[in-house]
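Okay, so chain A shows up in both of these, paired with chain B first and chain C after.
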Partner chain A sequence: MKKILLVTGIIFALGIIIFIPGKRMAREHVNLKTAVTDHPLLCTNCHLHMHKRSPFARFDQADYLSPLNLAVSNDGKLVYIAAQDGNALLVADVEKGKVIRKIPVGNKPHSVIVDKAGKNAYVSNQWSDNVFVINLDNYQITDTLLTGNGPAGLSLSSDEKSLYVVNSYSSDLTVIDLESGIEIKRLTTGNNPTGATLSPDGSDLYVTSRRADIAQYGEPLVSQLTVVNDKSKRIKTYLGMESAYLMENVAFTPAGDLAVVTLIRPKNMVPSIQVERGFMMTHGIGIIEQKENGRIIQLLTDEPNAYYPDPFDIVISPDGKRAFISNSGVNTITVVDIDSVKALIAESTPEMLKLWPDHLGISSRYVIKRISTGANPKGLALSPDGQTLYVAEHLEDRIAVISADNMETVKTIDLDGPGRITVTRKGRRLLNNAGRTFQTQYSCYTCHPDEHEDGLVYNMASKDMGRNITNTQSLRDISDTPPFKWNGKNQTVFKQDGMRFSTVLTRTEPFPYPDLDAISSYIMTGIKYPPNLGFNPAGKLTEAQRRGKTVFERTKDNLGNVIPENNRCITCHPSPYYTNLKQVDVKTLAASDDSILFDTPHLNNIYASPPYLHDGRASTLEEIWTIYGKEDKHGLVGDMTKNQLNDLIEYLKSLRSPDYDGKSTQIHEAALNH
Partner chain B sequence: MKKLIRNQYFRIAAIAVMIVGTLSMGFSHNDKSEGSTKAAQASDLALKSDSGNGSVNGDKLTGVKGELPPVPVYGKWRNFTTKDGLPSDKAYCVRIDGDRVFAGTHDGLAVYQNGKWKTYTTKDGLAHNGVVSVDVSELTGDVWIGTLGGLSRWSAGKFETFNQFNSGMPNDLVYMVICVGKDVWCATGGGVGHYDTFTKEWEIFTEKNAPMHEPWTYGVSAGDGKIYIAAWGGGVIEYNTKTKQFRDYTDPDGFMEIDLQPNDGVVHDITTATSWADGILWVSTYFGMSRYDGKYWKGYFDHDSGLASNFINFLRAEGPVVFACSDRGLSSTNGESWVTYKKNDNNENGVAILTNGKEKKEIPLTPSIAHNFIIGVDREDGVLWVATSKGVSRGEIIK
Partner chain C sequence: MRLRTILLASGIVFMILSGIFLVSCGKKPMDGMIIITEADNRAVSPDFVSGKLWRYIPESHLYAIDPENTQKAPESLTGNFFSACSPDISFDGKCMLFAAQKSKDEPWQIWEMDLSSRKVAQITTGNENSIDPAYLPGGQLVFSRTIANDSLKSGHSLFTCNTDGSNLKRITFNPHSYFASSVLKDGRVITIGRQIFPEEKTAAMMVLRPDGTKAELFRQNIDGMEFFSRGRETADGKIIFIESGKNTGNGRRLASISYNRPLHSLTNLTAGITGDFSSVFPIDTGKYLVTYRLSESENYSLFNFDAESKKLGDQLFKSSDKSIIEAVIVREHQKPRKLPSEVDKGVKTGLLFCQNIAVTGLSSPENVDSLVADRIELIGVDSLLGVVKVERDGSFYLKVNADMPFKIRTLDADGNTLNGPGSWIWLRPNERRGCTGCHEDQEMVPANRVALATKNLPVAVPVHISGIKEKQVELE
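This part shows the complex of A and B:
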């Protein structure tokens, strides 16, 4: 007994001796790795959830489906669902309430539409740059139509002889002749277009855009709604939606008297620290009267002290009475009474119509119901009789079936996803949800749509009273590129999204650590770059890109003089992420900025992130050097010919994630050649 | 035989025969040319070439052969100036697009539609008010506008600017822009730019990567899968869009002041415009005009044809007829017959001079074109629009 007590005592004493310094060491280790001092000492947080290449990472992965958009069969019995992460078109039987078919499609399917006869479905594969044509009798893929970069929204022409494909990444509209299957023209649209809907009379196609026209800080924000004449297949007009962006989708009233888009009105010119005063981001609809000299009117669907962020899709009932809007950021469907909207517009003076876009209280006049849904509702579709609304619950792997009359959820269709919620999936839900922001004004998604960036420049006023006008940065594939923030002040995502995040951006309690760990896990492991199919589809550089690579890696100028090492492109931007992870001064600090160095940004998929430089002053890659690099402090360019600069730009546009340099390349080549 | 060849008298005799023979061929050619010219009959208003009068040698030398269609005569001129709504009387270019006409002026882009002019300037988003070239994409309907400060795309009322700072554009001085399918080509002061509207990629052609004398280019046109660049001091640069190969056409005699050897190539290395239609490439210079049928060149000068002046700012071929804009009037020809429009110095009237060989006929015009210094021209459906230094003119075919 004594021996046992002695051994136990020794072990206990040793334990205490080891525990105290061990805990201290663990604390120091965690502090070092998280860059905060109070993160719980839980090994799995980092070693299981934060490393995308860890052998343990697979335990935190599951094959989710993530339904994005959907369409209903003409008889109303089937729902066709574009499963974004499942790379499949799912066919769900409404009556049976289950999936009866899973048709593999390309990478990241975005939208699905069905022709009038119900014979064919068209599925846009956003990461494959093509559209699949699927025979709905036998569910066979009968054709692959090549498109521009990032095909998203789809629409058939009124005579169904042409297919319109919205190219979300290349910001244009592909017109495909369906008889030959060939793209016959490409029309320039607004910035980052997504949704496309043909007017009820078939005369015009409306195409929404998510990003605003590129503008310097202080200039008015305008996003373009592109109107295409269906007969001529030419652009009829661009309708500028002022002070708004993220116009995801558009719908028409059946009578065709109104077109309605979803939108967000950002207040990016006021210091972001003003969130607690409300009104930082407001959300609503844009109404375009379909008559000569028709007005464009904006109305909010928010309420005082309660915001309904990230409106994604909109459908209008066949009787034209109700509009249903999915508010992805708060898991809600907002129901708008169209007659009330019309009455409000009719009785409003021009002055009042100028007031309504910023009036949080006016929504009580026309919002008649908020319907709760599962996580992150996205695409909507109404049954042909208008009785049933289907909602793609994006991060729930489920379809909500809602009675359009009663405005109640009657059932859900489970899509047979993994069922369990991993830490990363939880993080993705958090990133797409506004629940942690003061009065639910916005989610991370709002400024980082598709986990990228919104192209806006914000006033990130700091405690040092610098204005710090900064360009939103992408969240894609950033795990290997610390430190974070434009000035590299945050060494880790834990720090970036921890206490300071709540102090400056959300103005509520900070994320509790389980949530912070989950969102950090998602950011560090779950967000990938789209393949760079527009400029580097298969890892083979063009002639111009090869010449540009030589310029990028040069050590001597055109006169043969050695370029100082710290002024060569390759020094600060080495592959594979094209950053040396250090801070540097490239002499573009604004007078109003805090005096500080810049974090060297990573360059993969840089083509997709205009405007450029920390405050977005350069509208294009060229302007970085033609206008803002004349002193040769941001690399030596003064000796370059225009040809050399163009080659350099072409090379920069070709940069892509190293993830696509191996197996993935083959996959994408296969997709391209499908 | 060897002995005979070595014989001094034989060699002198052989050389003499060769000289006489060569001279005889020249006389023979001149005679036949003159003969064919004499035989040509001018119709009342529309001239018709008469190459079927035995000018076989002449055809081979000049490249002008076969039955040529008539050169129409335009009259009923109507002139537009600032009084009619143009932003400036100094007009640089005109382009017809269906029921609207674009006129590039020193002070903005003017659009004529439904009988009215409407002006667009930098305030509306135009790259620069000096508009020197306009073309319309048949594919998309987008209007591409070359200005003295960049290139503008005008799509359904929205302007977008491309310049040498914000894009891969070679230079902001855009002398000429054309739309060829999905591609846009522009001749600039810093080379030729090619913009692919699908891939949004720019290519630049200068003396560094093309057979140009220097990067300054004045004109660009397209035809038969090729791009024809009017390069300052470099003649014509032909670029095959399929093979991506260049070929240059320069003045073989190399003289800057005179065209020493007739019909040996482009008349001068300083070219101002090119235009391709019906298998014929037309080239204008400040020293005359050239025609190339893919095999033979022919030069035209004010002293040996109906050309108004050797100083040609611009030309545009429409079918078999080319319109040459000079400092002393507008000329049109099918290669043999000419119609030249000139305004009187002291009033608004003028004449249409019909020339066929040595035969000339003048038709009075009341009024005539707005001014004799002409920089731009376009024709569509029997209507001719002309950009002059004193306004824009519109004429109709006289029947």
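This part shows the complex of A and C:
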């Protein structure tokens, strides 16, 4: 008995001895990681949810569906839903209020359309670079149409003999002859296009673009609407939308007198010194008059103290009276009275029309209702009779059914996704929601659409208001590439999104720790690169890429001289993420920059992140060296031939995620075997 | 025997502890009660500048009434005070702030009452009057206080402090008087501000962050109207308040504005109602508590009010010989956002950026004509602070002493005044503030372009501060 007591006592004493310094060490560790001193000391907060290869990570996974876009059958009885994360086309029976079919499709389906006869559905598989043709009588995949990179928006030609496919990653438009199933044309569009809609008279196809034209910081921001003549299948014109980007979708009034796009008007060139008075982001619509010398007019859908970020889809009622816009960042559908818009335009002088795009109060003239939805409303579709609006609640795994007349939600259709909300799913919702920004002016998603980056360079107003402009960085697959921020000052995502983030960016109460844990978890584990199908579809390098790899890894220059180790590409950019995780000086500081080192960026999928360098001064990868690297301080390139530089660029474009495991092929084959 | 004793003792201890537990964790003793301020019905006009007979109500007292049983005699809460008014309930519904004076000759101070025990604690001290308290998130409060011989020539300034009185900070720094503050759900303080130097001006509803930064106009009074009560935010995004003036026709009226668009959404909720209102407090969406009287000869009583039908509801309570001038409900309610602060006392200046001085009123930003200012003049309380050349795109960028009021006047190239001077502005230490234009339409946002002024360092005003060695604050 005594021995037992003695042993117990010793264990207890040892426990006490270990516990006190152990707790202190744990506190120091957590303080270091979170950059605060009061984050709860709970190991599971981080070690269960922050490591994508952790054996525990699978406990926080669930197979969500994530409906993105949808279409309604011609009789209005069925809704076809592209389930982005479910890799499926779901068929929901409106009356029964449930899913009746789940058809496996390709990787990350983006859009679905149905032909006039209601016989076929076309589904764009954004991460598979193809479109599936699905027979709606038997739900069999009858054809696979090859596309460009990242197929997104779809439209049939007016005679339904051709299919237009918007290639969102390669920024072009595929025209497919449906009889042969072969791509017959590839037309260049604006930067990062998504939506495509044919005008009511079938004459023109409008294609939106999300990213603005690449331009030097300070140059006017312009995003292009591409207009294609349906008959000739040729580009008719490009319409520049000034001071706007993230034009996701476009709709026409039934009479065809107006085309309306969703858009965001960013303030990236205005010092980010406050959120008040729309100093960071505003959101609205662009209106293109469909007549000779038709004007392009922009109007905001925000209000002076309330913002409605991330407008995604737009549909217009068959009577042309109302436009419905999904505001993904605030779980809202905005209803716009089209007649009021027309009246405002008619009575406005040219001076006023220049003023309205920056006027928050004018929306009271035409916004007639805000309808609340579930998490992250994306695609919209109206029933053929215009009575019912369907909303893809992207992060709710649900379809909202809204009475278009009463502008009230009538019911919801549960898509039968996982019932539980995992920590990472909660984090994804938070990242996509503006609720934690002052007056909901923007969400993380606004500057990081699709968890990537928006291609803009921002005046973050560090110290003084014109200094240290910075190029937005991608959030994709960054977990293994700490530290973060362009100067590497944030050792963890916790710190990046913590107190400082709220002080200088969101300017409202910081994320409560459970929310900060969730959003950090999502960023650390949940954001994948798309497969690099454009430049490295099968993991095998082309001849030019192989030559470029040799250049990338070379240790001697063309004259046989040894290249100093710190001036070799491979030294700072080693695989698998092509970063050595260190800060360096590559002599690209601008006069307006503080003297500081740069965090070595990772290079996977680097082709998708123009412009380049910390302040976005290089429009292309080539310009990093041909214009801004002539002193050979950012790697030795001065001895290279033009062909060698071309090869190096080809190789850089081929870099892709080390985690890419052919899943796209597996999903594709699974769908075809359906 | 011993076991029985132990069991008995344990049972007694358990019962006592259970009793304590039930008392402390059960229904809050005053949850759902209405706290009213009762005072004599004085047929005199309140002084909106000094606050006398408006925010300072002599011999006023707080009482608790049970809305379920209004026949029951009200419970006096502040019998030990000479005057007590302006109650504000904590977000958890457990405590109440109020302004009170112990005796007729003592200054007004801010007090907090534990609504369970009715114990009071004095928060503010000193010889100055402190009134109109309102809870801030994070264990703080905001209130109005006079400052004797203030070099800034202010009347009542706004202060914040912890609920134990520590961490006292002044947050307004201009020659204005601020009264009747409350806190919006977005975390900002909404207050009634009036310029008092060099001349008195009409009051306006202002908003500012609790650290005193980003002060801006929320609602401009029109047609000689005066804001009479605190603005209270409702669950459905309205700010409701009482306003009075010679044009109201029916005395003090109940009005609302929308949070989303406060400058252009005024709704008179009592257009068809004869009589006066003195206060309003939101109950539920569209349902308010109001204090109302039919005529000046009557006392104010407590009523329900339906905002949708714009009709006065049942009379809830009437005092036999006094007026009920304000009322609040004791209940847990939504805590506003706790806003982060950019203020750094180690920095002695703030930065002010204007994108285009040519943007005024509804003018077009493109309309740069000969009337556009060539320079601006900064005017302090006692002296001119300097003249700064405006960039050719209309922008300017200033570094100004923190916590110092100044006005801006626009001048042409010959030094002639074009506009202004405008309203008093101040910047907090390390604050960085931006304006789209100069007295521009407040609903305008900046154009997305690089302003020439931001390509250079800020112009220091007054010039001598350019030599200040500033602490470097890392931002983004």
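We take it that the second predicted complex is superposed on the first by the 628 of 674 C-alpha atoms of A that agree within 3 Å, B and C clash if a C-alpha of one lies under 4 Å from a C-alpha of the other, contacts with A are read in each partner's own complex, and residues count from 1 in each chain.
Here, a contact is a pair of C-beta atoms (placed from the backbone, for glycine too) under 8 Å apart; a residue touches a chain by one contact, two chains touch by 3 or more.
No experiment lies behind these values; they were computed from the predicted model shown.
*Asks:* Is the arrangement of chain B and chain C around the shared chain A a clash or a fit after superposition?
*Replies:* fit
*Asks:* Scan A:H359 for contacts with chain B and chain C and give back first, second, both or neither.
*Replies:* A:H359: touches chain C, not chain B.
*Asks:* In the superposed arrangement, does A:N558 touch chain B (first), chain C (second), both or neither?
*Replies:* In the superposition, A:N558 contacts neither chain B nor chain C.
*Asks:* Specify the partner with more touching residues on chain A, choosing between chain B and chain C.
*Replies:* Larger number of chain A residues touched: C.
*Asks:* Of the partners chain B and chain C, which touch A:R507 in the superposed model: first, second, both, neither?
*Replies:* second
*Asks:* Check whether A:R186 is in contact with chain B, with chain C, with both or with neither, and answer first, second, both or neither.
*Replies:* first
*Asks:* Thinking of the overlay built on chain A, is A:I273 touched by chain B (first), by chain C (second), by both, or by neither?
*Replies:* After superposing on A, A:I273 lies in contact with chain C but is clear of chain B.
*Asks:* Applying the touch criterion given at the start, work out whether A:T620 contacts chain B, chain C, both or neither, answering first, second, both or neither.
*Replies:* After superposition on chain A, A:T620 lies in contact with chain B alone.
*Asks:* In the overlay, answer first, second, both or neither for which of chain B and chain C A:N566 touches.
*Replies:* A:N566: touches no partner chain.
*Asks:* Touch test for A:T8: chain B only (first), chain C only (second), both, or neither?
*Replies:* neither
*Asks:* Please work out how little space separates the C-alpha atoms of chain B and chain C at their nearest point after superposition, in whole Å.
*Replies:* Value for chain B versus chain C, nearest C-alpha atoms: 21 Å.
*Asks:* Intersection of chain A residues contacting chain B with those contacting chain C?
*Replies:* Residues common to the chain A contacts of chain C and of chain B do not exist here, since the sets are disjoint.
*Asks:* Using the touch definition up top, name the residues of chain B that touch chain A in the complex.
*Replies:* On the chain B side, the touching residues are 139-142, 153, 155-158, 160, 164-168, 170-171, 182, 190-191, 197-204, 206, 208-209.
*Asks:* With touch defined as at the start, can you tell me which chain C residues reach chain A in the complex?
*Replies:* 137, 186-187, 214, 216, 259-265, 337-342, 351, 353, 355, 362, 364-367, 397, 432-436, 441-451, 454-458, 472-476
*Asks:* Over in the complex, which chain A residues touch chain C? Could you list them?
*Replies:* Residues 217-218, 220-221, 243, 265-274, 276-279, 282, 303-306, 351-352, 354-355, 358-362, 364, 438-439, 459-466, 499-500, 502-505, 507-510, 592 of chain A touch chain C in their complex.
*Asks:* Write out the stretch or stretches of chain A touching chain B in their complex.
*Replies:* Contact set of chain A toward chain B: 148, 170, 185-188, 224, 227, 232, 234-238, 534, 544, 619-620, 622-623, 626-627, 641-643, 646, 649-650.
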